[in-house]
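One chain, chain A, links the two complexes that follow: it is found with chain B in the first and with chain C in the second.
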Partner chain A sequence: MPLRLTILIAEDNPADRMLLSTIVSREGHRVLTAANGIEAVSLFRQERPQLVLMDALMPVMDGFEAARQIKALAGDELVPIIFLTSLAENEALARCLEAGGDDFVAKPYNRIILAAKIGAMDRLRRLQATVRQQRDLISRQHQQLLREQEVAKAIFDKVAHAGCLDAPNIRYRQSPLALFNGDLLLAAQTPTGRMFVLLGDFTGHGLPAAIGAMPLAETFYGMAAKGYSSSDLLREMNAKLKRILPVGVFCCATLLDLSFDKRTVDVWSGGLPDGYLLCANGTRVPLKSRHLPLGVLEPEAFVARFEPHTLAEGDRVLLLSDGVVESCNAQNELFGEARLLAVIDANREPLRLLEEIVEALLAFHGQAQDDLSLVEIDVDGQPGPMPIQASYVGAVQPSPLDWSGSLLLRGETLRDYNPLPALLHLLLQVVELRRHAGRVFAVLAELYANALEHGVLGLDSALKVDADGFARYYRLREQRLSALRDGWIEIDLRVEPEDHGGCLRIGVRDSGAGFDIARALAEQPATGKLSGRGLALVRELSDGCAADADGRGVSVEFRWRREA
Partner chain B sequence: MSDAHLDSAVLATLRVVMEDEYPVLLDTFLKDSEERVRLLHQACAVSDAYLLRQTAHSFKGSCSNMGAPLLTELCRELEDSARREQLDGANELIGQIEREFAIVRILMRAERQRFGASG
Partner chain C sequence: MSISSQPADDGRELIIHIQGRFDFSTHQAFRDAYQNVSVTPRRYVVDLKEATYLDSSALGMLLLLRDHAGGDDADIHLINCNADVRKILSISNFEQLFKID
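Presenting the complex of A and B:
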């Protein structure tokens, strides 16, 4: 039994109108009557009945025209119109439907059929009202979702703004809402002049996929700026994601650690499609995923082992998210690696590569993809050490300008601990040094690495004569480091005021056998040579540099003038 | 009473549906039908096929509702020929309709006497 409805009856014949309105009233509905189309339309306007019973042939305005006007007035609300007719011809019945009629009732009237049709139309009407309400609700919720995504994107852009994605040696393409497909692209320069680039892809879609990006970006930029090593950073990012993400949510990622001075890139990849080292000589080295994604393994089980690659002038590194190769078009075909490699092979102008990949994807799919991330890094044209971001340095206090300190690191500590971030933090307390932080830190890092690798671990830098030797060097380094028991490194820091400024002296000594540092220092850096760059860099960046007589230590000086 | 002129089963149903309003429905039908017959003559006189068709259509509808099968059938024939704009036999058909309506009116007035006090 339908609820009580208001029903408009438009019928020019008085006897039929009387009979019909009596039948409909007896069914419990409120009845409005009109004797022609014009009356019907004006009554509809005033009373907004929920259903209309309409005679087709009426004087003044016929039922077809009245039906059209009523449907137009009703807008997107369904007001069913049942035509009252004994019209025999199909053509006239078709006209009723074209005019917006929903059903027919033939004369003579039958109470049971009439009641059934009114009931059916009422159900249809209510179903449509429900659909409309839900459509409006979905539309409102979708609007809200878009607003929330905008807010989240704005917050994320603030967190990520410290990055150096705009550096001249980086090119990237990312769809505007890639973040909400879980894609994440971060790049930072470290105080030592290295560059970290992270391409990540969280599982899932929408806000849940984007939410993990915030803490990851903060960790990435914070640790990169503080001078942590890429393996420290990787371990921390994994531990943090493991701690905060629910089971089943993780982040496929590739982290690049690029050294422009030494022309090397260290690659860690967990779960992303192959990246590529595109060599200037035309060869293509795939950078394969060899690890589980970030946020899967417990910190104890996580291995931050990077794969070292040497670079030559003109080499490029290309990374991509799985939206590139694993997307299907309307015919359910995969874009696939083969198509990607064909585009890479066909590329003639390196600067146009990303554009060509995006064009190929567009041609394949027929529309823009919204989960697309591509990044390409040139090995040349690196912009040099970045000034330290003030936001990561801490509150401004009066500068300590006359002090000294010594740090002695032994055995096990050398194996696991990286003292550089803490030392950098300490040195940055001297406001006058902040402008020189990049070169101070680059030199400190180099001296420490030399003391550890050549001094304590006794590794021969001559090993690094070619790419194979380079890999062997890093294997040996790992073996000896894990077996390390004895040995020490001592770091002296001395800050003293001078007449028109001040001076920082850094001394680094180690327990190794000592080597001919003076000769290494005198050597000119040779282009394309993989070793021996370190000390030349130290000499270039510092204001004074001397080796201890026993070959087991180096001291350097940095001077600054007081600002007027 | 012959059911060919006025169907007693249809009238019985109308009595149930209309209750006290039954005599008013009969009166309304008779009054409107007299008007329809007059309109049919008028339309035929000026050869207005559309008015003829519309009037016959409306008349046919109420005759079917009121249980007058012969009258309904005659109206249908007239409506059909008016739709085809064949007005040759229209005058003859209208004459038949008028004679059949005279019978229906007599029967309906008798029904009216039997079931309605007012009038």
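Presenting the complex of A and C:
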């Protein structure tokens, strides 16, 4: 037995109208009656009955027109219209359905048939109402999901705010909600003037893919700002993701460690499609994935081994997520590497490359992709000066202005401990030095690297004459470092107040054989040479620089004036 | 897509067959293929002969199987990989974790 419905009966013949009314009300429904089409439409407007019994032939306005108008008023709600007809020709019956009728009953009326048809139409009506309700619910929830993603993206953008993606030497394209496809693009300048760029792609989609991006970004920016090396950073990111992500979720990633003054890029890639070193001379060096993605291996098994590449003026590095090469179009064809390389080869204006790739993808798919990340870095556009890190601003402790300290690192400690972040943290206690953090750190890092590589490890920078020698140098460095047992590096720091400001002296000595630092300091580095920039940089960035007589140590000074 | 598994070698081995796309939609079926079995195999073989496609979610599912099979001690073979599948496995350097033949 269907629920009680309100049913409109439109019938011009009073006797038939009476008969129908009786049948329908006996079935337990509420009845409204109309004598012609116009009355029927106006009653429908006022009372919104759920079902209509409509005579086809009526004066003033016939049933066909009334049915059309009622269907239009009902919108996407299903109001079944059952035509009442003595018409027997097929054509007339078909007209009833064309006008929007859902069924018909023939005169004379049979109570049982009529009740059954009302019941059937009511089931249909309720089915349609359920579908409509569910459709609206899905649409509301989808809207809500999009809103939530926008909010989450805004929060994420705050976490990632310290990034230098807007540096003039970086170009990138990312679909607005790529984050929710697991894509992540981060870039930071380090205190030594290097630049780290990370393109990551978490497994899966939606919230689970996006959520791992937050701790990864915080680790990335935090460690880059504190002066950790790229391999320290990589190890920490892997360990953190391994710890927090469930098995089966991981992050394919490529990390670039760029040095602009040395013209090098160190590349680590695990799981992303090939990136490219696009050389100014037209050659294209693929940057291949050589490692498992981040978050797969236990920290003990993880190897942060970078591939070093030397760079020339005008070279660029291009990285892309798998949304580029592995995307399928409607015909299930893969965009693929060949199409990508064709676009790269056809490129004439370097600045337009990313746009051309995006256009090619659009032409291939016919619509924008939502999991697209592309980034391109120019290697000779020096990024601007290192911004002051927010975390160091606003401390209220008074500055320690008269102190000194000495740190002696021996043997195994030199093998895998990096003392620079701790030293930087200590030096930044001196508020006045914070403005000079970038150059102080660059100099300290340079002196430490020289002491370790040339002093303790006895490596000759003359090896770095060409790209092959460069690679040989780094292989040798790794070998000797892992075999290191003896040797030491001593770092002295001395901060003293002066009449109108203060002075920081840094001394770095090592256990090596010593070399002619004074001569090296006097020499101008030849342009295009891959070595010899280190000491020139030290001299340029510091306010005074001197070598110890035995060639085993260097001292530098930084002076500042108190701000009025 | 369909995933089925059958024990071999007196229950010491479990062969999992993947047909069609191997992606997130097969998540539950793939888990069932090694969790709802009566044997305790020492060796797993994932037959990818009829797999047309494999995405990063599938790589994640393979890691789940590896975890289930004992992590670093797991003995898992991925066999009959076509060129596309092999490429995706090698970009992620999965040959370090699985025996791919």
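Methods note: the second predicted complex is superposed on the first by the 544 of 564 C-alpha atoms of A that agree within 3 Å, B and C clash if a C-alpha of one lies under 4 Å from a C-alpha of the other, contacts with A are read in each partner's own complex, and residues count from 1 in each chain.
We adopt the following convention: contacts are C-beta pairs under 8 Å (C-beta built on N, C-alpha and C of every residue); 3 or more make two chains touch, one makes a residue touch a chain.
Here the structure is a predicted model, which is why all the values come from computation and not from measurement.
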Practice task
For A:Gly204, select first, second, both or neither according to whether it touches chain B, chain C, the two together, or no partner.
Solution key: second
Practice task
Could you tell me if A:Val296 is touching chain B, chain C, both of them or neither one (first, second, both, neither)?
Solution key: second
Practice task
Could you look at A:Thr22 and tell me whether it touches chain B, chain C, both or neither (first, second, both, neither)?
Solution key: first
Handout entry: First, second, both or neither for A:Asp371, with chain B first and chain C second
Key = neither
Practice task
Would you check which partner chain A:Pro14 touches, where first means chain B only, second means chain C only, and both and neither mean what they say?
Solution key: first
Handout entry: Which of chain B and chain C A:Pro108 touches, first, second, both or neither
Key = first
Handout entry: Which of chain B and chain C A:Leu57 touches, first, second, both or neither
Key = first
Exercise for the section: Please indicate which partner A:Asp315 is in contact with in the superposed arrangement: first for chain B, second for chain C, both, or neither. Expected result: neither
Handout entry: Residue ranges of chain A in contact with chain C within the complex
Key = 201, 203-205, 247-250, 252, 270-273, 289-293, 296, 322, 326, 334
Problem - Interface residues, chain B side, partner chain A - complex - result: 10, 13-14, 17-18, 21, 24-25, 28-29, 31-33, 54, 57-62, 64-67, 83
Practice task
Name, in rising order, each residue of chain A that touches chain B in their complex.
Solution key: 12-16, 18-19, 22-23, 26, 55, 57, 59, 84, 86, 89, 107-109, 111
Completion exercise
The chain C residues in contact with chain A across the complex are 24, 55-57, 59-61, 63-64, 67, 84, 88, 91-94, 96-97
